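What follows is a set of structures for review.
Each of the next two complexes has subunit A plus one more chain, namely subunit B in the first and subunit C in the second.
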Partner chain A sequence: MFGALFLKECRQVLKSLVYYIYVAVFVLFITSQLSSEGWEQLKEPVPGQSYYGETITKDQNLIMEGTLANLVQEVYHNSFATYPMGFYKGVTLTEDEAAAASEILELCTGKSFQTLAEEMTAQLGLYDPNPSADALAAAANYRVPVKDGFTYTAFETAMEDICRLVGRGSSYEKERYENSVYVPMTYEQARAEFDTLCREDRLTRACMRLFCDYAGIMLAVLPIFIGVSRVLRDKREKAQQVIFSRPISSGLIIASRYLASLFLICIPVVITAFWQQRTCYDLARTLGIRSDSWAFLTVTGVWLLPEIMIVLALSFLITELTDTLLAVFIQVAWGIASLFTASTLVGDFGFKLVARWNTFGQAERFASQEKEFLLNRGCYFLLAIVCVILTIIVYDKKRSKGGKAL
Partner chain B sequence: METSIEILDLTKNYGKKQALSKVNLTIPRGMFGLLGPNGAGKTTLMKVLTTLIPKTAGEVKICGVPVEESRKIRSMTGYLPQDFSMYGNMSVYEALDYLAVLSGMGKTERKIKVPEVLDQVNLLEKKRGKVRSLSGGMKRRLGIAQAIIHQPEVIIVDEPTAGLDPEERVRFRNLLCEIAKDRIVLLSTHIVGDIEATCENIAVLDQGKICFNGKVKELLSIVEGKVYSTEIAASELERVKQKYMVTGILTAGTAATVKIIADERPFPHAKQVQPDVEDAYMYLMNKKNIAC
Partner chain C sequence: MKKTDFCQYGWLTVSFIKRQYYPHLLLTLLLVIFSGGFVSFKGLGDLQAATVMEMYVSFAGILLLTPLFTPEQDKDIRDLERSKATPMWKLYLLRILSAILVCLFVILLFTGFMKRGGSDFETGILFRGACCELLFLGSIGFFVSAVTNQAVIGYMAAVVYYATNIGGGKYFGRLALFQMMQGDYGAWIYWLLGAAVLLTAGVFLRK
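After this line comes the complex of A and B, so read on.
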């Protein structure tokens, strides 16, 4: 009976306009946002290159130097990029505030702001929208050293003062500057990164992690609409009483609806993942790398399935509970909050709904956070099952209360 | 297993409002009519019987099964709600097949029963048509099809003919009578004609209480010898209506023929006529304070 009901529920979802809007938005987003540049320009590093790319540093001196270099540029232009609620907000300081920021810089570096500005323009030159490899290397190499004896603790205090001047969400918050100072890679580092990419990620896994990063953004929101529209459909079509009075168990009704929606939400995800992986797969063959042909299923399965499950299950639960569109508002807010409260676009999984990995490769960095990632996904997987069970209980109660929301 | 519905001291409250008050009723096999004005508590009673709402007090057994055993009750009852509707984008066949699955029917059984029942309700030709494209009468017939698809012992239909044209109403009544041959069909309505044409046993519900429970001829006997027909001047109509219970008026020019219910002959020239169920129902409703 479950099989027949599952197929009928699939047919119901396939007949709804909401589903096709979901497919269109998802596919358009992925194809327009996800660039294959990351792997199409991939080349084996050779000694003597002027630039091998960049890598995040944990060296406190380099963090201070890199952060101060950024600060010199922002004070110079009096334009600070902040993301207080996740969205970009440019901040311009008043004269007094700008003077205070310059003083903080002088305190950290022991140099006057004028000197710092002259050094910066000499190093970086004029802004070039299409910088050459040499210019990129120069920008990556631009550093502002701290004065002798200036400690990391004093630096932290100075950055707190800057944060007070420019407000929340700037690059001078501890979590941000400790994860955002990049240094140029050496040949050895680039070689090691390339080898890991071939050995651990087998190219396609890295490709799929990047795919999941983009897909996860949309999947934090889009399945809500499918869940809400399915649950509200009985009420909208006045079919509640007829369905409630049937002998079938509430468990079978909800499980078939949930699994049918889940299955159909996953279909475009898997197809798009396979399509994206295809180019990477071809490149792997060209480079003679044995790629992981099933990464489009395994990586997306672990990364995106728990997210889709919890988003859909929660939309079922809230909508069954309230018979309203409340789930849309609550869950969209949750999705946005999860997206914009991340201190970095690579890692920092915590218990965020959207797991970000906005980079191609960095397998070792991922391995160091894999436990946290799996814990995050495992929790959402279990939470989704709990939500489905609660939905069954709520639905069963509604069946014996004339369909009224609880 | 006995085919009857036993209702004992059934009470249903919605907060402080009492919708059903100590209702006692035994419904045997065949067509049973539940008559009452709007808001009498008929739909509440139907919903208690179909496990859609819980009772506050009392006892209800359907074919010997207490109504608390909702799963069993649901498998032995078919329900056509007052405002029956199904997913508009489904075809008639799909809708019935879907509800058959929800009734626990297997694939093979459905393949035989779905066309058979559609044929029974005269919808086989419309099986590919969308539910949303059906007329009111066709939709009700689909409603009755879904109520009988799993061959329940009891069928509960709530106001099934409201809003139907006369031809469709007659067709629907006949359909219900056919179905009632070997099971209980509980027909709830405020349209007296439906009961008169189909039911032998009836109960009258008003303000949550049973005012009458018995056979149609017993209901008629209440008003026997109290229904008169007379011709009066049309200008006198208002005065007559204020003094007597008028159940029918036929105006022709300046004269009007009126049907009056009265304990004594209202006019010397008034003729005694055979009462119908509507007369009896009207009489009962007017006398409810004494009868209930």
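After this line comes the complex of A and C, so read on.
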């Protein structure tokens, strides 16, 4: 019975224009945005290079210096990037507030703001849209040292004052600045990173994490339309009463409908993942690395399946409950908010719907955050199941009332 | 137009708002009420003010123009309306004009918020550009709804167009969104023409 219903539901989804728009947009987005540059330019680090990339630091001195360097630039341009409710909000300070921010900088560094601005322009030079390795190294090396005897506690207080001026969600909140100061990598660090990439990530896993990063953005939004459209279809086609009268349980109807939609949403994801992995797999063979040929299933399964499940399940629940397009507005807002709430594009999973990992590699950093990541995905997996159960209950109640909205 | 016609069209528009359109007006109201949490209105320059209009306020266009064919998604209602003496295109035109009026009001409101926050920008040029861009984005949803007879696909098309323009604007030439925040204020005429074509085509298809 379930098999027949599942196939019927698959046919229903395949008849829907929304599904083909989803496939086209998803494939176009992935193929146009995800480049294979990361792994094609992969080279073994050699001693004596001017730039090996960057890595995050936990050194308090460097955190202070890096945060103050960022502050000098934002005060200089009087433009502060904040994310108070998940979305980017550029903040411009009034003259008095900007003067107060300059004073805080002077207090931390013992230098006048004019001196700090001159040092910054001398170090960073003019903006270059295609910076050379030397320019990148100069930007990564730009630091503003604190004055002698300035403690980390005093720095924390100064940053709290900045937060009061700028508002919530700025780079001067403790949680953010302690996880966002990058320093140039040494040869040894770059070597270790390269070795881990080959040994732990086996190239293809790193490639698939990057794929999931891009795919996750679209999958936070596109399945909503498939879910909403599928639930409203019966009403639109006036097929509700016919289906209600059938001797099939509500659980079976919703479960087959949900699983059919989920299955068909996953198909283009798996195919594009396999396609993207192919180039990386070939490169690994050339370099003599034993790659993980199943990464396109295992990594995407853990990373993207819970996301698709919850997005689809919630769209089913809200639409079944309201018989309207409300899910589109609520869930699009949730998806975009989740995307912009991230303080970094690499990690900071929390309970965000879209898990970001916009880099190729950094296996050790991922391992240190893996527990948080798995907790995030596990919660969404369970929440999706709860939403499906609730949808079954709502559907059953509507069925007993002859299709009237609750 | 006779007085009785005027009353009849007025009644039809009020009825549409009362029965179908008010949730979208409420959502637009929420967009305005919560705007302070998402965008800043203080001390903005030309480009920053354009960013507020293009990245945030333009959602009002999607919200207000996409659902204008919702009642006629039901074939019975559509057939009933077609049997009446009032031409369908007049019905749609009234709805479009109501939606445009609300859009203009929303843009005016945000212009006021930014001016009150001490922002300094070319009001007329930004207002003109924002109106045309909002109309164009909304008309994409409107047209796709008209073609597919499903508002959900209309929303999907408009949202996808918006999202694709973040980073992919080069593929859309002069019809790309977010040009004003890069300092290019010349695209308004293309947006306006695009909106006019899509709205007319939508009405023509559904009449």
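As a working rule, the second predicted complex is superposed on the first by the 388 of 406 C-alpha atoms of A that agree within 3 Å, B and C clash if a C-alpha of one lies under 4 Å from a C-alpha of the other, contacts with A are read in each partner's own complex, and residues count from 1 in each chain.
One rule holds in what follows: a contact is a pair of C-beta atoms (placed from the backbone, for glycine too) under 8 Å apart; a residue touches a chain by one contact, two chains touch by 3 or more.
For clarity, every value in this text was computed on a predicted model and none was experimentally measured.
Trainee: Using the superposition on chain A described above, determine whether A:Lys15 touches subunit B (first), subunit C (second), both, or neither.
Mentor: In the superposed model, A:Lys15 contacts subunit B only, not subunit C.
Trainee: Touching A:Arg246, do we find subunit B (first), subunit C (second), both, or neither?
Mentor: Touch partner of A:Arg246: subunit B, not subunit C.
Trainee: Please indicate which partner A:Lys401 is in contact with in the superposed arrangement: first for subunit B, second for subunit C, both, or neither.
Mentor: Touch status of A:Lys401: first partner only.
Trainee: Look at A:Ala4 in the shared chain and tell me whether it touches subunit B only, subunit C only, both, or neither; answer first, second, both or neither.
Mentor: Once the two structures are laid over each other on A, A:Ala4 reaches subunit B alone.
Trainee: For A:Gly90, decide between first (touching subunit B), second (touching subunit C), both and neither.
Mentor: The answer is second: A:Gly90 touches subunit C but not subunit B.
Trainee: For A:Leu232, is the partner it touches subunit B (first), subunit C (second), both, or none of the two (neither)?
Mentor: In the superposition, A:Leu232 contacts subunit C only.
Trainee: In their shared complex, at which residues does subunit C touch subunit A?
Mentor: Contacts found on subunit C: 23, 27, 34, 37-40, 42-45, 48, 51, 56, 63, 67, 73-74, 118, 148, 150-153, 155-157, 159-160, 163-164, 167-168.
Trainee: What does subunit A use to touch subunit B in their complex?
Mentor: 1, 4-5, 8, 11-12, 15, 233, 237-239, 241-249, 253, 399-403
Trainee: Using the touch rule from the top, collect the residues of subunit A that touch subunit C in their complex.
Mentor: Answer in residue numbers: 17-18, 21, 25, 29, 32-33, 78-79, 84-85, 87, 89-94, 221-222, 225, 228-229, 232, 236, 324-326, 328-329, 332.
Trainee: Flag every residue of subunit B that touches subunit A in the complex, lowest number first.
Mentor: Of all residues in subunit B, those touching subunit A are 47, 50-54, 70-71, 74-75, 77, 79, 81, 83-89, 94, 97-99, 101-104, 106-107, 143, 146, 150.
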